[in-house]
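Chain IDs A, B, C, D and E follow the sequence of writing; residue 1 opens each chain.
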Amino acid sequence: GCSGSKETGKEKGGEKKEKTAESGGTMIYARGGDAVKLDPITVTDGESLIVTHQILETLVKYEKETADIVPGLAKDWEVSDDGTTYTFELEEGVKFHDGTDFNADAVVKNFERWMNGKDEAEFPYFVSQFGGFKGEEAAVIKEVKAVDENKVEFTLFRPQAPFLKNLAMTPFGISSPAAIEKFGDKYIENPVGTGPFKFESWKRNDTITVVKNEDYWKEGLPKLDKVIFKVITDNSARLNALIKGEVDLIDGLNPSDVEKVKADSNLQIFERPSMNIGYLGFNVEKEPFDNKKVRQAISHAINKQAIIDNFYEGTAEPAKNPIPPSINGYNDEIEDYEFDLDKAKKLLEEAGFKDGFKMDLWAMPVPRPYMPNGQKVAEAIQADLEKLNIEVNIVSMEWGTYLEKVRDGEAPMFMLGWTGDNGDADNFLYALLDKDSIGSNNYSRYASEDVHKLLIEAQTETDEDKRSELYKEALEIIHDDAPWVPLAHSVPQLAGKSTIDGFFPHPTGSQAFDDVSME
Amino acid sequence: MLTYTIRRLTLLIPVLLGMVLIVFSLIHAIPGNPAQIILGQQATEEAVEALNKQLGLDQPLYIQFFDYVKNLLTGDLGMSIRTQSPISQEVWPYLAATMELALAAMLIAIIIGVNAGIISAWFQNSWFDYIAMLLALIGVSMPIFWLGLMEQYVFSIQLDLFPTTGRDNIRDPVEPITYLYLIDTLMQGRFDQFVEVIKHLVLPSLTLATIPMAIIARITRSSMLEVMRSDYIRTARAKGMSMFWVVYKHSLKNAFIPVLTVIGLQTGLLLGGAILTETIFGWPGIGSYIYDAIQFRDYPVIQSGILVVATIFVLINLTVDLLYAAIDPRIKYR
Amino acid sequence: MNVNEEEQIISPWKEAWRSFRKNKAALLGLGIVMFFILLAIFADLIAPYGFRETELANKHLPPSSKHWFGTDEFGRDILSRVIYGARISLRVGFLAVSGSVIVGSLLGIIAGYYGRWVDGIISRIFDILLAFPSILLAIAIVAILGPSLQNAMIAIAVINVPTFGRLLRSRVLSVKEEEYITAAKAIGMTDGRILFHHVLPNSLAPIIVQGSLSIATAIIEAAALGFLGLGAQPPTPEWGKMLADSKDFIIQAPWTVFFPGIAIMLTVLGFNLMGDGLRDALDPRMKR
Amino acid sequence: MTDRLLEVEGLKKSFPIQGGAFGKQIGEVKAVDDVSFFIKKGETLGLVGESGCGKSTTGKTLLRLLEPTEGKIYFEGKEITNLPKNEMRRLRREMQMVFQDPFASLNPRHKVEKILEEPLIVHGVTDSKERKKRVRQLLEIVGLNDYHAKRYPHQFSGGQRQRIGIARALAVHPKLIVADEPVSALDVSIQSQVLNLLKDLQEEFDLTYLFIAHDLGVVRHISDRVGVMYLGRIVELADSEELYENPKHPYTKALLSAVPVPDVDFQKERVILRGDVPSPANPPAGCAFHTRCPAAMEQCAHKRPLFKEVEKGHYAACHLYE
Amino acid sequence: MDNALLKVEGLRTSFFTDDGEIPIVNSIDFHVRSGEVLGIVGESGCGKSVTSLSIMGLIPAQTGKVDGQILFKGENLALASEKRMRQIRGNEIAMIFQEPMTSLNPVFTIGEQLLEAIQIHRKLPKKKAKERAVEMLKLVGLPRAEQLLNEYPHQLSGGMRQRVMIAMAMICNPELLIADEPTTALDVTIQAQILDLMKALNKDTDTAIIMITHDLGVVAEMCSRVIVMYAGHIVEEADVKTIFKNPKHPYTVGLIQSVPDMRHKKERLYSIEGNVPKPGSIQTGCHFAPRCEHAFDRCFAQTPDLLNLSDVHKVKCWLYESEKGEVSG
């Protein structure tokens, strides 16, 4: 940042040209990868979703800084006592960007489209959050119908505790039915919604531009004229571009660069509240990790704090549970396995591995929010375990293969993580550690009947407090069984110009830029 | 000449076919499931299987291969698994970006390389010669990804002379027509943008130019030296010609033949080998297109991307061969 | 007959060595290469620390008398890692190139010697392999085999096969036309003997020259693959990988990027200088 | 017949010319075009002609280093044209070759010792002491010394190298040596050394030579009989005395008159030929020489003259003598 | 002797090699008169070509050094500037080389190369220059002259190329033509054509020729005076009759005797034993002494001077010191 002042000078000159009367200017948001498709229901990747989040809106939304539910396109809703009927009252007078009306009919059409999906690959999140398509046994939604012009009624087969949280997820943004029909196959690159910004253009692997929706239904919003999503793959290059003023906001800041940004008066840091977990998993079916003592021994041997200090640069908190503290059900009473080599050695000895053993450790090849550098953390773990005479060989492969093979149970010891989709404990514990999820996301192949019972019960329990207790109980068991060594809840770091105002990175990863402004 | 061209073109057919076969088998030998990657970590197994089926990846390999070749013959490069759009439409912007970069690099490499080579040969064993050749040697020994990082650090971050990344000013993006931004900006009369585009081009093209520049300088020098020792140069001098003309008229044209070969080879290599430079400078070119596709197991894109690059490479070398005729009348085209 | 008795018996190799010895640049190259070879062999003795001696507290120490090249992110001594890295890079260079020399030469000899359709097929395969930009091909190969140093080595060997194949083929073809081969035939020598006693020994010099230049490129290619994360895996102190791992710290800890880069460059420069010298010394065109 | 060591009948050798869009054969170079002659035991047959007329090809073809396209070759009365490879290899010890270029014909990476040993190994001298002895003898025979054995070819002068080439040919006690321009790369003072050596060896070992050269003086000096080649054909063949004093064919006459003679007093009438030698890929019809012949007649352009005896032992192919 | 067109005195040329500075031409003196044909004979590597290149000033300063006087019409070319040399080369002194195959630039047409030769020295308009080129091509006996201008060297045969070379050399009417083995690479019948042509040109244009060759036959046929070189020295100089009839130097004698004569068969050829010494290998004495049958002690110890045996006959040999003690000057 030695050139900051000069830059701003240039910057102003550049902006003046673009600014009209009371315009809010352009914000350039640089990130590591490009969107895949801009029809959110068809994708699962964050890079696509953050763009569609500006264009399409959901019936209900998360609160700006938490995972609590607030009105979205639906200004109000009612839930039946048995928890199977939801009636939403919609905002009136809202129009899609193509000029067609947003109404109950449009909502029904969107859900009809999704519910009639053919295979899971078509609408992946619909299946994972709502059980399945029409006619499938696991399906949650029975029917969606328009009660009147502005009222929609959802009927469920059975109560689903996180139903509203699911609905708030970005993939369930409402599209203009007319546009879906008009564009057909090409809708994935021509999204039309009701959001604060309209889709303008997409240069693949380079930029996606969205522009202000002048007719946005919320008065005075959005503040910006234009948001450009720019792909800059390399983390340091992205930061460089920010420092030079080529872009305004970046994600994926290297933890090691945090200090540098903080020192620069032209820049500010945004911390995304953690909703993730990075962990070291054991394949509990494989020797020697079928032995609980071994798992516990290793839990004692890993210096989490050192790892966090060095590879998260302090931008994370040590994890003792598989779910982050912000989530309902977090058990703070649990005492973490302290870093204690003697205990570890003792446990190992008890397990019959006094002289240690040789083991492969699979390390993630790609940076993820919950693990900015899997390879390096693996190296640190390697060094830690060496002290237990466990000779660790780091294995790495390309990401897709990695996931596939870990899922198939090929990895004895592996590093992975998870980012919550909807801020619900179910989305962590059932997805990652229930025996139903073996072969899916339960990579540890951890199968505990007790835990299973608790988790299933929690799924249909609509009372939040009761649910919370159930989860806490499950967490106790999991802690003792130690199928993972939870490492850290990282706090993803973003950096932006100090002139950015009103921006708060939402824990789910997507947030609207409607009330963001730049001076 | 025409028959020679036809003959060279027919000889290309088996090469191209072989390329298709090799690429196809290579790509399909890559482990990893594209569906998994597309759907991401959170996807369920059923979802992955379903997508596989949808993409036709559950078909036997030979059927996939024949379908692929059949489509290629109709100019259909397949559909990107990731973006669901036809590669033949998608590939051009990337290709154009790389071409612009590669051509700029080649231009720099030729202009500097050839002249340095000539001067070195002319003043053989002078200090210029020594320094230029030492630099050239260092140039060919340089890991360009390192050089790129260093250049970026010095010229862009420390000295703030050039932008760090991309092809154009993000705030004032070029409206693409041909996707060759230098041309597009000129067509639109946007000289400010033209200057911007050039500024963006400087560092990556310099980085990319290093190796070919060094190689060209070395080749030019040695082939100049060889030519300058030859009898016809002595003849030219015996006519009373000045050294300058001897060098620029008589020697250069002869010496240019091996240089041309190198230029052809290197241009081709630049097209594909730009991956490293493109990642460092965030250049949305064909190299990063293919590299990304590998990350995403986007088979059709990897296949067709590599094929496109290899085909261009082959065509460039064909062009070079044909260009020889323009320079050297001895090459017989029967 | 006035034969100078003192005049020594000079074999072509000795003569090549003589002219090589006069070439200062080549000697410098040889010196650099020898230096790195010694580093590699005696790494255990020379390196002040182990290459995986992690001390997280010592992270990113600038160069000092304790750590001449500073320390990296794990607090490991960069000097030691660079020294151990010589082992990796040289091994990759030698092994990969030996692989391509063996396979390439074999194919080249078969093609050049048998000619006709055998030559046709082999040459086409070379053409095809050469039609791919090498780094792309290497990336694809590593993608198949999975990222590891060994696989990177295999990939590099594969992409260099056609270079040696073609070299040997053209060598065989041109040596075949030499008059001393006709002479050997006139004596009644069998094809096999001609191949092994005449053709091969006379093809050795260009292979050595090309080999030493190829080692240079192989080292860079391995580093490039390492840089892209497709080569050596941690904590292997491979130079390219070291660069990739520390490129994010170029501003805070430039030494982490500087020294491995310099090491690559110097080694490659050494091989290039040596290769150039060998070419001047061994290339028969320069003789007579 | 018995005194004929080698006889050649209607020998032809052509090389294909490739080209066209698919690398097909589009023509052929008739390097040797219907040549017949014989060599008697113990004599030297000289073969002269301008560059490219097919002298070397003739020499190589009759040793079957090149496979003849047509024609028959007899060696000691036995046809060897279709002899299988193995037998031919055995026969190689009977017929050897000395090459034009003393630099290219010795493997630069072999010591002289090895070069001379090789033919012995190939032809079954297994005892290495015996071989060493023979090598020493051979070196002595060609006027070199024992200590030369350990050297490499590049340490020798052209004349010495040519001696080594001759020694290699002698190693297997051949009966016939085809010497393909063995002295044309040498300077005059060296040339005479080698010529003298060849003559001495012939006497000592009862050798038969086919001596190929383009220098008419050299050929006359060494040959008993001389054949003149033009464009792949022998146009005249006679005892050397006879040929030089009484040439019949107009080409021979022109050739002889064209040679500058190192004698200031010598006055001669020059026949200067017009134009160049036509390409063997596209030789003129009829008599190949008619395009340049000062005595060309109408029939020369379409009728090929027969090669026949015009006087005793004097053969020519020319319509003037029909 | 003062009417000499070219007078070379004490010419020494040495090359810088890995083994140090090696003298190739050792202080030679000779002259050429207008219109005469001077032959230089000697074995390969004795320095004939180097001599001619030294006269032309074509030895690059990095590779070699030329000392002594080269007086061309009284002007010392050894001291002339490069600019002045350029005016002389191709204009007043022209040169043709041994290899017609490689002496023409393969990538330019005959026409381009011929026109270049005129236009460097004569500011002729293009059309005039072309006419002159055609005229020259006809003069050297080439058919289809106009067409030839547009052809490339590889389309011509060796003899034709050598004729083009001669045309190129003669195009500016030089006063001196240096022909460095112009026929060595050619066939006898073609050689005869070229020699004939050169003789005719010499007669018609009165251009002096230095004819470098190793073929004594060519010397006998072409030259009026001969210089015999051996290992960088002139060992004998005489008119052509004397050289052949009354050679003095043992080397000349040997050379003449070792040539096989086409006209009559000698039983055995005379041969000079041994080989030409490597340049720089002999430091003292007569360079021929190691191969000389008549050599005595002094020959190995002291280098003889060029002795004047008569006005036209000089020899560098101790054998004749007593005969005529006068050292030429």
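For this structure, a couple of remarks:
The criterion applied here is as follows: contacts are C-beta pairs under 8 Å (C-beta built on N, C-alpha and C of every residue); 3 or more make two chains touch, one makes a residue touch a chain.
In this text the structure is predicted, and so the values were computed from the model without any measurement.
Annotation of chain A and chain B: jointly contacted by C, touch as defined at the top. No other two chains have as many C-beta pairs in contact as A-B.
Centre-to-centre separation of chain A and chain E, using mean CA positions: 90 Å. Computed centre separation for the pair chain A/chain C is 46 angstrom, with centres defined by C-alpha atoms. With centres taken as mean Cα positions, chain D sits 55 Å from chain B.
Between chain B and chain C the centroid-to-centroid distance comes to 24 Å (mean Cα coordinates, whole Å).
In chain E, the residues touching two or more other chains are 273, 275. Of all residues in chain A, those touching 2 or more other chains are 397-398, 401, listed in ascending order.
In the complex of the two chains, the chain D residues touching chain E come out as 50-51, 157, 159-160, 187-193, 195-196, 199, 214-218, 220-221, 240-241, 244, 254-264, 266, 270, 272-273, 276-277. Partner chain C is touched in their complex by these residues of chain D: 60, 63, 65, 88-93, 96-97, 99-101, 103-111, 118-119, 122-123, 143-145, 147-148, 150-152, 154-155, 165, 168, 172.
Residues 14-15, 18-19, 22-23, 26-27, 29-31, 137-138, 140-143, 145-146, 149-150, 153, 157, 268-269, 271-273, 275-276, 279, 287, 290-291, 294, 302, 306, 309-310, 313-314 of chain B are the ones touching chain C in the complex. Across the complex, chain E is touched by residues 124-125, 230-243, 250, 253-254, 327-330 of chain B.
Interface residues of chain C, counted against chain A in their complex, comprise 52, 54, 56, 59, 73-74, 143, 146-147, 229, 233-235, 245, 247-252.
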